[in-house]
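Input: structures, listed below.
Each of the next two complexes has subunit A plus one more chain, namely subunit B in the first and subunit C in the second.
Presenting the complex of A and B:
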């Protein structure tokens, strides 16, 4: 046993897979415990899909003690943020509509561009053939451009006076230390459509999905192993009956069965564990078939005959003389069942047949939400890409472990 | 080789295992293979019987039927004069107290996950020694091991794969020594071990027979070995017994062509090896 384990961990493929999987498990365990406790489905944001980054409370920033810093490139950065290259192209397009000669104009010369803009832009002008949407675009552009030329100081008014009283003013050279601001929120993966922290949700979903995969894998492996051992060892009529049932389950596409069962259970009853059980009960067939064929090749071995001659019972022969010989195979089948259980859950949930949506997030549900709120069309990659990556990583690590085990236990596969 | 031993005639002794029209057919229709074809035999108590035949002649299938691991398609096997009844698990276990086996391949005869002790302890338990004290059990196992020139102290807590092939096969005989069945079925026990171990193992089998008076059914492809060791010889070809009788009669004065061929196929040291009887067409 000890030697087998040493041999298994000597396989680099298994080791890499194991490390990836262990890191995922460690994150699932430690992240909510140490870094970000709380309900993963808490809606912290109003509005959808805040992009990844650090969020600083504007209100608190105003009230934080300021330092004056004269940074040489501060103006350039401000201009670059407020006036992108696309905006410059749009400004030149406006000049074209106004029949202004721009052949002398350099698009990178911000001052010249702005001067020309303030001379020529008037929101009241309605150029021929321009849509309302396009005119609104130019109005927004104008508003953003005017901020560049606004005064160096912003006034903060007192909120409780009837007339406008200046409380403080902010200049362009005022800086606050982020560490001093009372409320700073780091959202490494932004928020999703409901304004929930995607990273927190993802970590919790990964945990749930792995549990679903484990439950499905245990159920499928137990059913498949029991039926396979009985069919293979006992043979005869028992074998015929079990293989008849197994073949029926093999012929019915298990995913269709899965969809039908999930649908008939109903959204309310579908907890994560119910979905896991449903997946387990529909995916045992190939374990049963392959265990059976392994057992058939073992049951006429001399050591099994000798065990029979020693008067051992059927159960004892199966457990002590057959099972240890196929144990490595069963472990590999179990790993694949876990992996396919996680994928099945993702597929089911993507179709809207996963666990109910209000209790726990799963990887499939996150994909489902991202799809329903068109994260893929509005460019909110953070709502679905990390989920895909996580599913891939889990699946990859499990399959890598399986391949590593295969190479350890089938020396002919070693390269 | 030494002079052949003094043989005894068992033909009048009590029967322990006999068969009438025993047949085993594998497969159906076109794939039908008749492995054992209506064989009759009478094995007597204390007799050393050899069943000789080439590969594929049905020797092992017959031995599995004798052991009760396979059911005959047709025919009847009688155990101690009465029809054998192994219809239930309990009856089978009772039957196996009287008949045991040594298999051809010692390397596959052991469960590699169990230590050697458990193989021997199983035998003691089977003989009703479950309640014995630990010291008594160790004493019995030590005795059994010393019978086959093994030291139990060196073997205890070892796994079967840590032993050589010859040691494993001798341990199998130690197992038989503990079980002391009425019948021992040895299915080519010497074919996977080297020549030195082979002689030791054969001597141990003979000693076992002489001490306990058990019947030994020895299955081999080597007619020379059968002549050296057995009282009675059955020659098997394509699932049938073509010749049977006392070893001296069958081998020194063979009647069937197949027996003559088997005898001439034995390589000899002091004369040229006669290959003229080899049926090349049959070999193809």
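Presenting the complex of A and C:
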């Protein structure tokens, strides 16, 4: 056993896969414990899809002690933020509509541009042929331009008994240290459509999905192993009956079966563990078939015949004389079952047939909601891409471990 | 041999394809500059053009929209404008109530004509009504309880007699006004033909495809299959007479591609393949702020549209735990975080409950003025009041006795589900928020999203006990609102009605409220009316038989101005409602559209 393990860990493929998987498991265990405890389904954001980044409380920032920094490019940056090059072109377009000679005007001269704008723009003007969308665009542009020309100092007022009392004033050169602000929230992966912290949800969902995969894998492997052993060793009528059932299950595409069963169970009963069981019950067939063929090649070996002659029971022969020879194969099959169980959950949930929502997050459900809220078309990549990446990593690591094991145990592949 | 068969099969398929493509008008290349494209109205293939029938699934031609009838092909007597409550003449020229509101006399427009050139007469109206009642189509069943009969008094004049109650008072004059704006008129001669060819059998009349139907509106059918529906302008339309519009509507074709789902329609709008989109688009402002597309909505700022209704979570009173515990109903309602719902599910396309406090009214100024805000201010809630809800439940004795973290009632764990149809994303998100509130106050609420065909049979069943909290929207705007909506919330007319699409889906019964509701249609004094509505709001907010989750437009109205412009907008001073250029007075927009550039 010790020797086998050493051999297994000598395989670089297995080792890489194992390390990735272990890191994922470690993150699932430690992240909520140490870094970000609390309910992963808590809706912290009011609104959909806040993008990843560090969020600084504006309210607290106003109250934080400031330092004065005179940065040479601060003004340019501010203007560039409020007035893009495309905006400058649009302003000149407006002057054109108003029949103003702009041949002398330098589009990069912000002051001249702004002066001309304030002289000539009036939101009430409705130029003929201009669309509502375009007029709205100019209104927004005007608002933005007005901010460039706003005073150097902003005042924060505080309502007190029907009058506003000045609480503080902010100048363009005031800076606060982010470390000093009372409330700063890091959202490395932003929020999802419900305003949930995606990273926190992802970690929790990964845990659930791995559990689903494990349950599905155990169930599928147990059923497949039992039936395969019986069919292969006992043979005869038992073999015929079991293979008949197995073949029926093989010809029906298991995913269709999965959809039908999930649908008929109804959403109310579909918890994460029920979904895992359903996946397990529909994916055992190929384990059964390959175990059977392995057993058939084993059952006439000398040591098995010896056991038979010694009058050992069926169970004992299977457990002590056959199982150890196919154990390595079963472990590999189990790993693949876990991997495909996780994928099946994701596929099912994407179709809206996964575990019921609100209770636990799973990787599939996260993708399902992201898709329902068109995250893929509105550019909110953080709501679905990390999920896809996680699923890929899990199945990649499991498959890598499987290949590594294969190399160790399969004599034809051994170096 | 096999090859020959395969070849033959391929040939047959090709011929068949060709045959279907040339079977009707060619619509593969409609001139873009003459066509107004829609999305979000027609789902699935058109079943019939029979204006007297049912289940036509013909949204462009036959649809009683929630904010006015769609008058592209068939016309109503009057048009409703929900922006100001005006009732504007269409086939009808004027109407007048008598003093005790038992009858209304209507004069038809002289110019009004059918597509075959014959005038629209009082006889058409009478025939439409009589046959509607006889065969029980939508008009007949909707207004049958309120209209006794329609009597022609001349070629162009007729009187509508209200149904009277035992004391000789009209049952509901408001609903009769609804009939004027909400029910299309069909031609008597065509109805005769229809009845005759179906041997007078109600069921077959209702299901007649009506291919030969006679219309009076500015558009008529041109093409329809499972891909698109196209209407073409009728250049002989009577409405170009100076007494009506004085001109023809601008687009020659009205086309609606049949999209698979909302995202497909949204993509088409972004690509400029759709001009008017009646679909909820999350974060609609991103279309112009981020993507810089020439798309606009009625208002430039949130809530972007005119909210006329409020999707509501109804408590199922067939469940004793809900029926017997007003405290539980109110506690859940005040614990729900509505700001999250409005920001998430509606992406802020709704005023908040802090802006427009909850009542029985929609957020329009007209309805808001109908009740005394101060009198019920103490009863209202803005939501997310977890402590208040917990205190309320503790006080009512609904506590956790066995220490499992969930509260019990009569020794049993309170376990409710929150239900809405699968795929109705914004409603699903709302139900998730409701469930999250339950979690915080120790009441187990799990979400459930059955498919639509299952959902609709369960929630319209008056005896159902499967759904505890479920969603549906009350009426939006019509001349009879807010009365109709109040009746849906609190009235007992619909309690126990099988296949109930009309109202009070939670089966809540309150005799006091019902008596007040019955008084409203006959009350004309404004102060008395306000008093009645205030009392009803008080009952509603105390008893909480249901709670609204957000405000919502009855029609979404996002327009892409790549081809067409001059759509109605909030700041253009025209007061054309954002009703997709099709419904009620919203159709006026079609006459004022312009091509870009």
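Methods note: the second predicted complex is superposed on the first by the 372 of 415 C-alpha atoms of A that agree within 3 Å, B and C clash if a C-alpha of one lies under 4 Å from a C-alpha of the other, contacts with A are read in each partner's own complex, and residues count from 1 in each chain.
What we mean here is this: a residue touches a chain if its C-beta (ideal position, glycine included) is under 8 Å from a C-beta of that chain, and two chains touch if they have at least 3 such contacts.
Values in this document were obtained by computation on a predicted structure and should not be read as measured data.
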Looking at the overlay on subunit A, is there a clash between subunit B and subunit C, or do the two fit?
-> fit
Is A:377 in contact with subunit B, with subunit C, with both, or with neither (first, second, both, neither)?
-> second
Does subunit B (first) or subunit C (second) touch A:309, or do both, or does neither?
-> first
After superposition on the shared chain, which partner residues are touched by A:131: those of subunit B (first), subunit C (second), both, or neither?
-> second
First (subunit B), second (subunit C), both or neither touched by A:324 = first
Would you sort A:194 into first (subunit B), second (subunit C), both or neither based on which partner it touches?
-> second
After lining up the shared chain so the two structures overlap, which partner does A:301 touch, if you call subunit B first and subunit C second: first, second, both or neither?
-> first
Specify the partner with more touching residues on subunit A, choosing between subunit B and subunit C.
-> C
With the two structures laid over each other on chain A, which partner does A:23 touch: subunit B (first), subunit C (second), both, or neither?
-> neither
Check the superposed model and tell me the shortest C-alpha distance between subunit B and subunit C, rounded to whole Å.
-> 33
Do subunit B and subunit C land on any of the same subunit A residues, and which?
-> none
Touching residues on subunit C, where the partner in the complex is subunit A | 263, 266-267, 282-283, 286, 288-290, 293-296, 300, 337, 339-340, 343-344, 347-348, 417, 422-423, 425, 428-429, 432-433, 435-436, 439, 446-450, 559, 561, 565-567, 569, 594, 596-597
In their shared complex, at which residues does subunit B touch subunit A?
-> 64, 67, 69, 89, 92-93, 96-97, 100-101, 103-105, 108-114, 122-123, 126
Which of the residues in subunit A come into contact with subunit B in the complex?
-> 301-303, 305-314, 320-321, 324-325
Spell out the residues on subunit A that touch subunit C in their complex, using ranges where they run on.
-> 41, 43, 46-49, 129-134, 136-137, 139-140, 193-195, 267-268, 352, 356-359, 372-374, 377-379
